[in-house]
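Each in structure tokens, the structures are laid out below.
Same chain, two partners: chain A is paired with chain B first, then with chain C.
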Partner chain A sequence: MQRSLFAQQPSVLIFISLLAIFTIVITVLSEGFGLGLVSTSFVKILGKTLCLCLIAIAMDLVWGYCGILSLGHFAFFGLGGYMIGMWLMYERTKDIVIASLASAELPPTAEEIREGIGTQIFGVVGGAEIPVVWYFADSLFAQLALVVLVPGLLALVFGWLAFRSRVTGVYLSILTQAMTLALSLYLFQNDSGLRGNNGLSGLQNLPGLTDVPQSVVSVWFFLASALALGLGYLLAAWVVSGKFGNVIRAIRDDETRIRFMGYPVEAYKLVVFTLTAVIAAIAGALYYPQAGIINPAEIAPIASIYLAVWVAIGGRGRLYGAVIGAATVSLLSSWFTGGQAPSIPLGFYTINWVDWWQVLLGLGFVLVTLFMPKGIGGLFDRLVRKDAA
Partner chain B sequence: MLRFACLLIAAMVCLAPAHAQEGGLNALLETHRAKIEKPSRTTISPVLEDLVDSQLPSVAVFLENWREKGVWQRRSDGRFFFVKPADGDEVMLIDVDTGADAGLADRSELSNLNPNSGVRAVIAAALVQFQLSDPDPARRLQALTALARDANQSHLSILREAIEAETDPDIKARKERLERLLTIRFGSDSANRVAAIESFAGDPGVDARAALNPLVATSIKVFDATPEGVNVARLLTPGSDIEPEVAYQLLVDAGKARPIVPLSERKRALIANIQDGAVADIPVADLVTQEARDRAYLALAAAGAVPPLVSREEQRSAVAAHVFAEIYSEPDPALTTAARQTLSDISGTVGFYRFISLALDGLSLASIYFLAAIGLAITFGVMGVINMAHGEFIMIGAYTGYVVQQFIPNYTASILVALPLAFAVAFMAGVALERLVIRHLAHRPLETLLATFGISIALQQIAKNIFGTQARPLTSPSWLDGAWALNDVVSVSYIRIAIFVLAVVFMGLLLFILKRTRLGLEIRAVTQNPRMASSMGINPDRINMMTFGLGSGIAGIAGVAIGLFAKVTSELGSGYIVQSFMTVVVGGVGNIWGTLAGAGMIGSLQKVIEFFNPSNTLAAQTYMIIFIIIFIQFRPKGIIALKGRAAGD
Partner chain C sequence: MSSLLEVTSISVSFDGFKAINNLSFEIGEQELRAIIGPNGAGKTTFMDIVTGKTRPDEGRVRFGEPQLDLLRLSESQIARAGVGRKFQRPTVFEAQSVRDNLMMALSNDRLPFSVLGYRATVEDGSRVLALAEEIGLSDELDRIAGELSHGQKQWLEIGMLLAQEPKLLLVDEPAAGMTLGEREHTTDLLRRAAETRAVVVVEHDMEFVRRLDCKVTVLHEGSVLAEGSLDHVTANAEVIDVYLGR
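This part shows the complex of A and B:
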């Protein structure tokens, strides 16, 4: 099966090799494990970019291959981040509370520790009680399971409702956007149990491993992200290669015809939607420990639209296109908005990229949509065709 | 002898006012000079009483000037004057009694009386009786308002007197209303007060409730037996009406039971009794559970080192041995009963008006959504494309309004100019977008959605670069300030009424264009079946362009309307875009009535949810969106779905 997959899609092999080489090079150059030529913060940026590439693959799968323009996949990404963030924050706070109570005259009881954690975490939203949703927060395995289960379940229920009533096209896009907005608004409340607009913070510190410097931790997460991206790519390539892939592509091209041919279109769409939601959640669970903080603004509908933009720029319907799009746009975006790009003096006006990057991105995106419907990935097609000729 | 005494008394009675008048106001002030020079809240009252009792016509003017810091004292002899400016450093003194000029004086010879705010309040209260019968109706009204805010028992009789002399029927009604309110609070006769209370049945005024609520205020008290001699609101059964813990705490507070030792105190006691690393022979290291700590504490208590715990049994029996009751602070049961009945009657009326108010709020929100969404609905209906930049057309309209106001300072004129100009600017932006982008993406609705999104972020950023991130004001003309108030519960701001009118006008206009004009006919034809329309000689390309321009132009108008009550920022439009999508999707595509239904439903729904959870508008929006997601399950094509061919795709 593996061989046939690579034979069928040579790009998979190329991508995996490139990813492996890239990962090894960065690791060797990093501060934590190698020559120290690449700063810790840049390793984190690269690690985060790999996570964004992973969710872009999920987006490509659901949109480029199955034709569902979901404007809600960043909600799953964020939920994954929240789930792992709960464990990180809870355990770290627990360590802090135990350390601070260690010098007390009486050794603390379990209730006192819980109370201390509650005050520490929820003091900012005016509470001390630990909400019910944090029930499993002290167990890494439970929270890891929740990373998959919560977004997966949400996608399953939402997808079932939406596909069952045959909501398609732009209607579906708007509906997914509404879902994201609802979730983000819900999380913005102080009594949602997830610290309202403060979000979860301090996620870059691994509980119990406070001695390990961030330079090392960053490389761990970088490697984990690379591994996840590689596996995600393989999974996606495998999903789209077989009969299943043919069916979902056919659904994208003519849903009604496939339904008339007897395929349970809704079930296929639901599987793809849920699977990609889970991939997005895993990407989020790896992303936010590197970002260090998550708050409801991350889930705002605009984030999901940007995701679609990345995939469109990179090239839909080809997995490496999604990766290229996400990596290019997000790295360019942080380069331009980080103030590193040189300003262009025009004499009467100076173009400051921090202010004008969004305009460039927006208009560039329109141009890509108009003149390069296959995105950057489409350029490779021409390359291959030239070789063949 | 007796006759002489009677005569003397009679003479005194007759002479008393005359005597005061004899020396005039100046003499009276002279007697109280020390207190007037250094007034305080407590010492000033007798002085004021004396002044008022003198019934001198000049007292009111003097008090008013005194309150406004307009009274000056001559240092040399301590006399009081008003002043008016004269040449140079000199001022003209005015006699406080006669109002006649009393010669020039240098400013340095005078010192200003500067009573503090407490004293001024007392003076103002004393002034009330003069003002209530002032010849100027505006001042009478002003005095009434001041009195309603801050009244005491003495004002009741003053007010009653003032009612008799009142000629203006409107002010008389207000005076009578205030008289009833004051009767409730300060009246001496129980029957009178009850009558006054009952007269407010069904009155939604806030002042009525404010006067009644103190009457029904209760507090929970503990009694050894069934309470007597107090006005009982109701008896409380521990366990159902009142938590046993709370009840016990009341007993403790009343000194009828031993206090419970709280957890924190017990912990402190344990720490205080640590001996050789153990408490009562239990090693400190073992005290990591509450049970172990309790054991250690009990051991200490048995040894008499700490106060013993109060067992649950003891608490229960103590609570059972007493009677708990809610007691009115007002002792007269007739009053409390009347007040309670009247309040429940009022709450019925208030509930009715709340509903009206809610309906009006919903209507106003719906008209905003309608304006924001109708353009989107038209373009979506005709061309099947979602314009993500629609919100930015709203923003363009709002900024157009702002720019117009920079050039035309008259707000009324600027709004009248801004409305058509915003339409024109947004119309052209829409046509440009259609020509340059959307036309090339025909039959690819999802790509159109994304391309217009690209336009949207570019436009937003451009607006940010031009106008900055801070909010720009779009000021409404002054005749739109304020609100139309039916009573204390129902009020609608004029801006909202204006937006409602605007929405109605535009709905009418659109209906006219669509149903009565050639353009409308062609738009409807293209909406229903573009190919057939095309073969009938309609140019769908032109129709698309016109429709897109029309939809965008209305978004521009909506921008001006929204800018009037919200701050104009580059994110103004994006805040409405999801709501507008919802409106279109819920209402049904390509249909004015559908958009109207969608806007009405979403607007009123949001208000209703906010009504049930007023503190949390975020939650309201969340629930609303969830509701819409579920609603789409049952009517995937919206409330008013298109029929025929157009509905097919």
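This part shows the complex of A and C:
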């Protein structure tokens, strides 16, 4: 009586196929690997969009399925970006420092190299010492582990404290907002060890691979993002398809009842919260090397609210809905705010989309909430119902 | 007869109001018991205490063999130890199918990681079929629970409780809002359930209690007023005074 994942959720197979086709088409059309019809900057936008789709899946898992409206998941996304960014920036700066010291008569000592790196990276915040949090920054392996461990541990500790005290609903949402705000404010400080409001930059350059043009690097990251999204989708679909999925939906619908059935609700919430934080962190670690820069403004509370808006617009409780929402809104956003959308002259006033896009987005959110409570993804339900009828 | 649940002189007050006042209660391993009493007598608070939702200010609650101190366990641990509870309002998971509702209730491991790796066995499948048969929902297994009638939801919830295989079943007003036919079916279900476990039914409806034909405990102002057969307690002058005479 156990059916396979694909038989249970045909949308999984459709999604993976579409993603594969999309990935191949873009790669073939890219400047780095093919016909050059798609510009490098657009490949980066698409790659970043795939990462946003991945964090939207995490959001759907935690909110749409488990009913925890976390408004702090961008904190984990940002932390993932910072962790990989530290390695990228450190190693690249080290290469530059070694190159500049190469002309000296004596070969530079390790001490001199460290000083050089310290001055290069932390000069902007008035320091030359390499802070202790950068201890592992010269090891790619360690920083990759930290991408998972730092956000994972933060989510574990935060979630344990919050769920154990039975904080639910809007209070939990506020608490998660406070968490991301506190983290953002902390990182804004110059002595946080992560360059304050300057953040980390130059992340698009891969250490040791400076000869590889960005057109190629962009496709690498695009492919990695597509792979991560595909795997993340499969993982999420697997998690929600079985009994575990039924239990977390039950927690969303009636927490007390499932608790009296003997399910330790807090443990389930903690598992889902931490798992989605890790997915968000991996998405962030792939996003920021494509963006090139990360700073504390990225994890301001508004970012996590946008995430909830994407998932609501796309349709909660259906993984493809989250992907549709994130892709639609973020691509539209970069189109409108990128100056490509034509301004509308009204004679007495000109609608400039860079300013008015936010208004349009807000209006769209209100309309979707009022007239399509199941989001864009809900439209597919109607199609399927019609077919079946 | 050894007792399954031993509640010894518990008291609890909310903002000065004594909801439970030095209450003691015992029930055997295979017994059907009805608890009656006027509004505010402490029936629901009593259930809350046994299931871990409310902590008493004083007293002891012991359960099972070897004896467990229920006051030290969380709600979900108490449920896993073998106490099932049916709420007054039928609460089934309306977005999920009858089958999924029953599957979740089956007495399998309930910790997150074992549930994540759970695959339904043949026994689990046939157990669900047998339960559906018992609660009269065999033809509704693949329906969404939200589409069921009020009575069917009540039965599904009772079925889910039976699936948990509790040693003690606490049932809050099962007959509320049921038709006569549905009530008869519910009485049968409860009496059959009590053949293999302890069942405590809290009920307002005297007619329904009479049909259950079991020992009755009358609560009043948070303590036991009388205990015995229905005829015995309804003959008690105090009971008539506080409850029946009104």
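One rule holds for everything that comes next: the second predicted complex is superposed on the first by the 385 of 389 C-alpha atoms of A that agree within 3 Å, B and C clash if a C-alpha of one lies under 4 Å from a C-alpha of the other, contacts with A are read in each partner's own complex, and residues count from 1 in each chain.
Just so it is clear, a contact is a pair of C-beta atoms (placed from the backbone, for glycine too) under 8 Å apart; a residue touches a chain by one contact, two chains touch by 3 or more.
Since we're looking at a predicted model, the values are computed, not measured.
Asker: Sticking to the clash and touch definitions up top, decide whether chain B and chain C on chain A clash or fit.
Answerer: They fit: once the shared chain is superposed, the two partners occupy separate space.
Asker: Calculate the angle at chain A, using C-alpha centres, between the directions toward chain B and chain C; round to the nearest 10 degrees.
Answerer: 100
Asker: Would you check which partner chain A:Glu105 touches, where first means chain B only, second means chain C only, and both and neither mean what they say?
Answerer: Touch partner of A:Glu105: chain B, not chain C.
Asker: Quick one: chain B or chain C, who's touching more of chain A?
Answerer: Of chain B and chain C, B contacts more residues of chain A.
Asker: If we overlay the two complexes on their shared chain A, which of chain B and chain C does A:Leu181 touch? Say first, second, both or neither.
Answerer: first
Asker: Of the two partner chains, chain B (first) and chain C (second), which one does A:Ala250 touch, if any: first, second, both, or neither?
Answerer: second
Asker: Just to be sure I read the superposition right, which of the two partners does A:Ala267 touch: chain B = first, chain C = second, or both, or neither?
Answerer: After superposition on chain A, A:Ala267 lies in contact with chain C alone.
Asker: Considering only touches as defined above, state whether A:Arg259 meets chain B (first), chain C (second), both or neither.
Answerer: After superposition on chain A, A:Arg259 lies in contact with chain C alone.
Asker: Who does A:Gly378 touch here: chain B (first), chain C (second), both, or neither?
Answerer: A:Gly378: touches no partner chain.
Asker: Name the contact category of A:Gly242: first (chain B only), second (chain C only), both, or neither.
Answerer: After superposition on chain A, A:Gly242 lies in contact with chain C alone.
Asker: If you take every C-alpha pair with one atom in chain B and one in chain C, what is the shortest distance in Å after superposing?
Answerer: Nearest C-alpha pair, chain B versus chain C: 9 Å apart.
Asker: Once the two structures are fitted together, what part of chain A is touched by chain B and by chain C alike?
Answerer: none
Asker: What residues on chain B touch chain A, complex-wise?
Answerer: Residues of chain B touching chain A: 267, 270-271, 274, 284-285, 287-290, 293, 380, 384-386, 388, 437, 440-441, 445-447, 449-451, 453-462, 464-465, 574, 578, 581-582, 585, 616, 618-619, 621-622, 625-626, 628-630, 632-634, 636.
Asker: For a test of understanding, state which residues of chain A touch chain C in their complex under the given definition.
Answerer: Of all residues in chain A, those touching chain C are 1-2, 239, 242-244, 246-247, 249-250, 253-254, 256-265, 267-268, 271.
Asker: Quick check: in the complex, which residue numbers of chain C touch chain A?
Answerer: Touching chain A: residues 51, 74-77, 79-80, 84-85, 87, 91, 93-96, 100, 103-105, 110-113, 115-116, 118-120, 125, 160, 164 of chain C.
Asker: For the complex, which residues does chain A have touching chain B?
Answerer: Touch list, chain A to chain B: 69, 105-111, 158, 161-162, 164-167, 169-171, 173-175, 177-179, 181-183, 185-186, 188-189, 191, 301-302, 305, 308-309, 312, 355-359, 361-366, 369-370, 373.
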